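The chains carry the letters A, B, C, D, E and F, assigned in the order they are written, with residues numbered from 1 in each.
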Amino acid sequence: MLESIANIKRQYIVDLAAEGKRADGRNFDQYRDIKIIPNYLLKAEGSAYVEIGDTKVIVGVKYDVGTPFPDIPNQGVMTTSAEFAPMASPDFEAGPPGEDAIELARVVDRGIRESNAIDTDKLCIIPGEKVMIVFVDIQILDQDGNLIDACGIAAITALLTAKMRVYDEEGNPTEEFVPLPVNKTPVPCTMAKIGNSIILDPQMDEEMVLDSRITVTTDEEGNVVAMQKGMAGSFKLEEIMEAVAISKREGQKNREKIQKAISESE
Amino acid sequence: MLESIANIKRQYIVDLAAEGKRADGRNFDQYRDIKIIPNYLLKAEGSAYVEIGDTKVIVGVKYDVGTPFPDIPNQGVMTTSAEFAPMASPDFEAGPPGEDAIELARVVDRGIRESNAIDTDKLCIIPGEKVMIVFVDIQILDQDGNLIDACGIAAITALLTAKMRVYDEEGNPTEEFVPLPVNKTPVPCTMAKIGNSIILDPQMDEEMVLDSRITVTTDEEGNVVAMQKGMAGSFKLEEIMEAVAISKREGQKNREKIQKAISESE
Amino acid sequence: MLESIANIKRQYIVDLAAEGKRADGRNFDQYRDIKIIPNYLLKAEGSAYVEIGDTKVIVGVKYDVGTPFPDIPNQGVMTTSAEFAPMASPDFEAGPPGEDAIELARVVDRGIRESNAIDTDKLCIIPGEKVMIVFVDIQILDQDGNLIDACGIAAITALLTAKMRVYDEEGNPTEEFVPLPVNKTPVPCTMAKIGNSIILDPQMDEEMVLDSRITVTTDEEGNVVAMQKGMAGSFKLEEIMEAVAISKREGQKNREKIQKAISESE
Amino acid sequence: MERCDGRKNDELRDVHMEVGVLKRADGSSYVEWGNNKVFASVYGPKEVIPRFLARNDKAILRCKYNMTPFSVEDRKRPGPDRRSIEIGKVTSGALEPAILVEDYPNSMIEIAIEIMQADAGTRCAGITAATLALVDAGIPMRDLVASCAAGKSNDEIVLDLCKEEDNSGQADVPIAIMPRSDDVTLLQMDGILTEDEVEEALKLAMSGCKTIYEMQKKALKVKYGG
Amino acid sequence: MERCDGRKNDELRDVHMEVGVLKRADGSSYVEWGNNKVFASVYGPKEVIPRFLARNDKAILRCKYNMTPFSVEDRKRPGPDRRSIEIGKVTSGALEPAILVEDYPNSMIEIAIEIMQADAGTRCAGITAATLALVDAGIPMRDLVASCAAGKSNDEIVLDLCKEEDNSGQADVPIAIMPRSDDVTLLQMDGILTEDEVEEALKLAMSGCKTIYEMQKKALKVKYGG
Amino acid sequence: MERCDGRKNDELRDVHMEVGVLKRADGSSYVEWGNNKVFASVYGPKEVIPRFLARNDKAILRCKYNMTPFSVEDRKRPGPDRRSIEIGKVTSGALEPAILVEDYPNSMIEIAIEIMQADAGTRCAGITAATLALVDAGIPMRDLVASCAAGKSNDEIVLDLCKEEDNSGQADVPIAIMPRSDDVTLLQMDGILTEDEVEEALKLAMSGCKTIYEMQKKALKVKYGG
């Protein structure tokens, strides 16, 4: 029953796509409206509220002081977690993060980590002993599709606006704060393959019927810093390269939105 | 089916209550027989076995040495846990404490904590480094209603009889023991609202049909140190104040029973 | 249904046993073929792959440096875990070890521990501060009966071939390695009671219908160092003593197989 | 003695309420109460999973109260702790009396409260928000549930403790009421109060609840008119 | 060489048994054995949850052995550890042969053993107590199960090791038997024993079990007469 | 610049494959790929437990990727970590397109991948092994799935990074394809690559997949002839 309804919906969306159309009238390579509020919270060292259409997420950045990994004794640590709060979707359950939440957090994390966005050397307080642990916590409020891009935008915005406490040479906290050393703005762009069409920023109904999903994260220099095919299904080589090209172009637009929102909030 | 039997039982108890009666013949503001055995166990630093009617619980107090909370560096720590052993009721499951066990432990804990019964300053061994952690562990043997009062009485009795190891100035353990610094005897009194009646010390059958529950914890000076409305249902302001008055009066009686049991056990 | 098939199978195996026969033609006190590959892995400090018939297991030994138990400050620690990977049997589930995996690990552990096979004094780096933690991890690949013996043989083989890093007097790691100090070769022998027969090395089909199980672990001096009755059912005193005698005899044969495999691998 | 934020003893912090802020949830709301930022959602009435929890005489309520890791000064580990579980339970007990649960046997109503920023009084803000989300979800109710705390600070009974007052405070009494009948559906208290102070605090908290009640009705009117 | 508590080599510690000590449980008992304090309860036969564990040829047994946090010298974290899980499993295997499980297909018997104070020999005390609780619950049995350990201490085979002997001891052999048939239903052993010592220890432990058996019958008689 | 192990830029490490290595599993395989040692098993199609996960239009896939505690330099705690869970998920997505899942509605296929020794490239080895186990289990498939990575090391695009190259490497691009159609069913990438380098890496990885594909067919022929 549920499956047959899904199949009817699927057919409708596939048929639309075959005609070059989407249910909400967007172009294949068009995002929904994006709203970015940096510094959304007081208690977090950095934060952002992001909407893509009706998808709503909040990211908060907090620190703790901890010990470095033995093999990188003079580097701080970033760790990214996502919570699929039962608020955000009838399909989300309370409990430890499921595989979807883990994949989301890891794809967002990888884009930031692999682009070397954070200068983790500067998070070292005392080499081998004390470093800063940066917690990037993702909270989903409303799941209306394309969580990866909403969370990726929120995460880098929260990091770009985060303040970091200064420690003195003995490793004691001072009252001084400086911006977190973030040098890049990696942005993920996610596309769905439905039938033979590649559509950007899938809305929930599209997500439910997609054949496959691809995320490409790019930096301001046009480099690709992370990719992830999601779900079942497959892509041709040329489709992947098309996704890379779209991501470079649309990622740059979203990067400008982030920068505009930050500069307006200051 | 189960619900209809419960409804018949409920009607019987509600009807009784409307006539001012209880199934076991008690007055509305009357406890079942209370039996208190302090120092019930050898291996615990403090302990008590308590029966209220057929409800039976054991509380054991143990210590460990740990680090204080950063914001209260010169104070020891008390932590209270309750285990609903599958032994005690066909409704209890093995596994991590459920919400009922957590509420029970927290209500018992709050009465002791908020009354400042334990002089936690004296549990400090080396400020900021080493303090005593006092574990109050509650074990339910037989759940025949009103666990909160049985556990609250057992917990404070166990604490009042607990011995504490003396540490020297360097923070090393000596062979000397002194009583745990407990200065107050907070006692919880729990009442059920059934129909329009407020009845003290609900027995299991009453608990199963109650509309709402209220616990008021008082100290020897007649102060209220904790309150908790439990379950669904509601209370009028005057009912709450009636519950406070009953708790002051009956709590004092139970306090005397505790003191008598302790002095007889010494 | 499942139970009735099991009962038919059971009857067949019981009838065979009553005639002194086994489904695969073995004698009652005969092992299936045993294959032992020491040093099976590169990344483990010690390892072994063991087959008993179609039962296949791998044991890896790893170290970590940790703090000793307070009551034995100058002794290293051995800890044994078993993982019933879902690969090994349709009855195994992913998740934390169930009671069968825990019993298996504890019976294997007990044989090694109680025989004093490892000279744990030599695992002490700095008394009271730093000792070696030896992790014996058991991985089941194919469960075709008698996991205890396969794992017991693999565990002691892995330990006997394990290398241990040398620490200097300040407790710092050197580049020198020496063999792990293992002085004994405890070997478990497991028997099933089916009807009135005691059969050695039960194959899966026999395990599924056994009445009871007994494991006797012996050392090279013919001492008994661990025993465990498993499952329901019961043994007569004389049956236990028969099991002890078989274990001494067959355990010695398996011990020789272990030694042969190790010497051939060097 | 003046209060930390200059309020009068019977004065609430600034409170802002919004109804219907989420798309997927059947009902939702957002409440800002001083520096507290709270979202609430409602799903249901829906099928009970697992089945054996279903009751044939009423809907069951499941209430999850959660603090995000970044809602407090020191990062909180994700997932429920004992405090959250207890607050979820008493919140459920505070809301159930107002809901016509008997109209929906064999079903379940799921309430989620997410604290994005915490600054004393989150459980009152959460109950207040959850009530708005219940109405937004179309769940039939006897009355709204309005929640507010009173407490003792600097030896005086005051309304709606802020964080500094709560930390150094002498007592805190969070309650919730159904304002039409003055039925108290949430009552907790910690600290040390005389019998008279308990009564004074309860009365003050009830007056605070009534102010909150008016704000709730206004927020619903903004959304639904009428 | 004298034993730590002055007992003879074939002498048990003081043992006290009581049947039917709890109201809610279908059957219950309390056993004091030296300094061990053990409660046991039985619920059932009852419906199997989850269903797929049910067997159509017999009742299934579920046995939970638990040590309270305050039962031992250093506080134990609440919840099952690996030792408890193993003891629960072998206890179940020790009791099942005595129970007419085949009379109750598709049902479940739940046994809980709670160690309030531990002082060597808790598993034997637990099995002994659980047997009394099974009878108290009216579960039909072939025979009682009586449990006792023998061990090696100071180079001698002795009955019922106390804590000091267990800590410094050379071997421990806890067993359980159905005394009418001398069927051994529990057997564990750790330490180092020769083949002859194993036999000596088993025989001594069996004699201990028979003493326990007489005490069990007496305790049941106190409760049920006859 | 020479590669650490002397390979050419488009050269694979030594790869060895074996089909049908386990008795209990419906299908199984063993793959050695450089120093990686990987077992894979398949059970099913079988009944879906829990039931509510079943789909009436296709079989569901459950894929568990696990690293044993002794597979890596520093002992790994047993049990799934976040990395393993993600790899299980993308592996499932890499295999599903090749399986005729629509032929087995209301059923489940369970795939387990156990890494006994890890040395860069375990997910590619795992997908390659799982494909062999699926065929061994008789699961009907559109094509085999062959997996291989390309990456960037010392400023060059190279095939099949070894551990040293992976640790110091500039990018890694593991993929899987169905070689008959060149459909890419796994794609991950981390590091920093230009658009052109991405394309170069993908093409190189695809050529590696085709070599793997030939080895898979050979290993199946060894087992099944034909």
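In this text, a contact is a pair of C-beta atoms (placed from the backbone, for glycine too) under 8 Å apart; a residue touches a chain by one contact, two chains touch by 3 or more.
Since this is a predicted model, take the numbers as computed values, not measurements.
Rounded to a multiple of 5, the Cα-based rotation taking subunit E onto subunit F is 120 degrees.
Separation between the centroids of subunit D and subunit E, computed from CA atoms only, is 50 Å.
Rounded to whole angstrom units, the spacing between the C-alpha centres of subunit B and subunit D is 26.
Remark: subunit A and subunit B have CA centroids separated by 48 Å (rounded to whole angstrom). Taking the mean of the C-alpha atoms as each chain's centre, subunit B and subunit E sit 32 Å apart. Shared interface positions of subunit F, defined as residues touching 2 or more other chains, are absent. Contact with two or more other chains is made by no residue of subunit C. Under the stated contact rule, the graph of chain-to-chain touches is a ring, a single cycle where every chain has exactly two partners. Order of chains around the touching ring, counted from subunit A in the direction of subunit F, is A, F, C, E, B, D.
Every residue of subunit D that touches subunit B in the complex is listed here, in rising order: 55-57, 82-83, 85-86, 88-90, 92-93, 96-97, 173, 178, 182-195, 198-199, 202-203, 206. Residue ranges of subunit C in contact with subunit E, taken from their complex: 3, 7, 99-100, 102-103, 105-106, 110, 113-116, 212, 214, 219, 222-237, 240-241, 244-245, 248.
For subunit A in complex with subunit D, the touching residues are 41-44, 47, 54, 56, 58, 60-64, 81, 83, 85-90, 94, 96-97, 135, 137, 139, 141-144, 204. Touching subunit C in their complex are the following residues of subunit F: 22-25, 28, 35, 37, 39-41, 43, 46, 64, 66, 68-75, 78-80, 110, 112, 114, 116-119.
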